[in-house]
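Letters A, B, C and D name the chains as they come in the text, with residue numbers starting at 1 for each one.
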């Protein structure tokens, strides 16, 4: 009886220790690679939304994190930041670029979304994303349906996916306001 | 004992002398005003759409019954009704092949995999429509304008439905236009008058349960009205809810389907009230502008549970 | 308000069974009778809520604190397995009647992917403690809702003339598909 | 003797491909099957990851089968499986980040894939390594094939492509529903129905329904059917020798 209990404990402990040890090793080996992928992806996203940037540095203020893009000569070319919020099906997260004067967007890239495939998921397509390049942000961004946008602060919503388009606009407006208020007087 | 066999028949257990085909053909007659008005409003292409759906539905039923070596019952009219109802929920100008796919799904998945008429859980026409909504979300929300001789504006080919206008643009369509049907929408949901005419005929004949539409309209008026009183600029009035979208066709022609609705008086009320509440929730707070179809399907799904808890208990059983 | 959104999303809009395919095995296996489905649902809801609480604590006070992210899956599954055992023992002791109705379903819950899925999703979405608990409760009730509806339908189908090859798994899966189609009506309910 | 072993090695491998195909015949591991098969590539990646975990944990389980006391058997197996799942997850994250992102939380959910625990419990804990590997890789490949075929059907109809290569012209309007949960359920249901229609003709038997959640707990087989038994009836059933196991061995 006692022997079984000891054996049980022994087996469980050793299984646990071996598993923990093996995983710790795998983690140590894999972590630098995973981290590198993450940083590369971040860098790529920043350069997409700030086309003039050749490098970036991270700025933090009031618990907000933004990436300031810099060109070859070290001059700031704009600010990139992550915007997150609720879409039609779940979270949408985007990288957004904004110029130095906080007047225009320099680009938008959807990083993560689980909108309806073939429909709301079109927010991650170039056709939709490119509309944000050069978009004026004051007054607030708005959207139009089934026709070409006329004003500098308008984008065209995706057909039959108004909610997803609306969600993107809403998230952007909220986050742009927050970022502008925090960083404009920098 | 061994030779004794119980006669087991599935619902609908129709207790009167009315035969299934007789009721089915009456329903088709009741739908004729809506069919005519849809041709009147949108042109001949709506007739072709209805014909496509009906023919494909009947054909699918025939093929399924042949494969399963069952009696072919395409003349009872039930497949035709499913086809017509499906077509009436589609937007004018919907591509015919896609409509045919919807009809196949409606009859195959909505009806025959469950064993045919009497066994299906969901309303077949609505299954077809829900499938098409999920499969072709862009096509199915492209609403053509009513023919130009009805409408003065000619600048755009497409138009938003009153519900979509309410949802996305905060605009309310005028009630008279909705009553006549001079609005964007699917074939059979635009003209409320034509539908009400057919419904009155069926109610007069006693072929549909008045308690179900009564439950739907009561809950829509109370719940929709409550929101309207709270904020009339944001929420439409109850009459708008009733006239807009598929409310009329859904309440009288789809929710009342005998196979997929409950079997007790109490059940009828629960069923109807549930549809009304769900519709209002989806219309006012959901992502989609229209919720009648989904509300009916959801209530179809819980109909077995409603029956289970409203059935009078049999003596000696728990 | 956020809490309400998490709850409705987990229970209805993004129903675990019908949109994430979590808990399909019991959904197919134990949906033949309404009362059994209900019992399993309640037991699962209980375990899911408990799992949400404990895995949140483990994640925040052990894994994050000591930088051990690689132990996430191992520790979570151990927690779930032992939790199920504990719950089983506890119910047996405290309420033998309840054990008779629920106990038999409890071992099945360990391999219910909805439970582990819940813990993983909660970490992935970075919910607060209260958020995680509500998420667990909502997901459990959503599972119960789906399985009870399915059981109701399948009881009705007992009398139906379902084609032979589709009987059992086939018809259950297709019905689940039609149910998922109907639940699409709730899409966007949380955000609009 | 050697020949005998060879034949059974072959048998143990091949049976997983069709006869005991985990998805189409045994109805195991439904959740990844439905969740990740919106494209053929995802199905393939998921299938391979599962095969890796299944084979590695079978080797380990078979290796330790004589040391582990039966009371802590399941716990040990679960830890072993979870360990390999973590390894697979880190591997995908490090070398195939896009695939890892696509599969998301369904990689860790391999832990609770009933196929793996089922094989560990029913096979590798009772058989030598060589047989266990044959069994596990056969089941794994059968699982992968099923995932890929489901993925292909859904991708063709839902996106008009196979392995991301467009196969239809402009005229084809993809059925988006096939990429959605409803399409997954319906497609798998119909596929199982079609396969059943053929096997019923041949053997007179359909899929083994009810095995879906069958695994042994404390020496008794917990299946969907046993859910309807009261504890007393279960006790009685337990008293009988396990016929199911025997049948399997004969088969």
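Note that a residue touches a chain if its C-beta (ideal position, glycine included) is under 8 Å from a C-beta of that chain, and two chains touch if they have at least 3 such contacts.
Note that the structure is a prediction, hence the values are computed from the model and not measured.
Comparing the chain pairs A-C and B-C, the larger number of C-beta pairs in contact belongs to B-C.
Put simply, the chain nearest the middle, going by average C-alpha positions, is C. If each chain is reduced to the centroid of its CA atoms, subunit B and subunit C end up 33 Å from each other.
With centres set at the average Cα position, the gap from subunit B to subunit D is 41 Å.
For the pair subunit C and subunit D, the distance between C-alpha centroids works out to 20 Å.
Residues of subunit B in contact with at least two other chains: 109, 131, 134, 137, 287.
Shared contact sites, meaning residues of subunit A that touch two or more other chains, fall at 19, 23, 26-27, 88, 116, 118-119, 163.
Residues of subunit D found to touch two or more other chains are 75, 79, 82-83, 86, 90, 176-177, 180, 182-183, 186. If you check the complex, the residues on subunit A that touch subunit D are 4, 7-8, 11-12, 15-16, 19, 22-23, 26-27, 30, 33-34, 37, 41, 116-119.
Those residues of subunit B that touch subunit D in the shared complex are 95, 98, 101, 109, 131, 134-137, 139. Touching subunit B in their complex are the following residues of subunit D: 173, 175-178, 180, 182-183, 186.
By the touch rule above, subunit C contacts subunit A in their complex via residues 5, 14, 69-71, 74, 125, 187-188, 190-192.
The touching residues of subunit B, counted against subunit C in their complex, run 8, 10, 68, 109-110, 112-116, 119, 121-122, 127, 130-131, 133-134, 167, 278, 281-282, 285-288, 291, 293-295, 297-298, 300-302, 304-305, 307-308.
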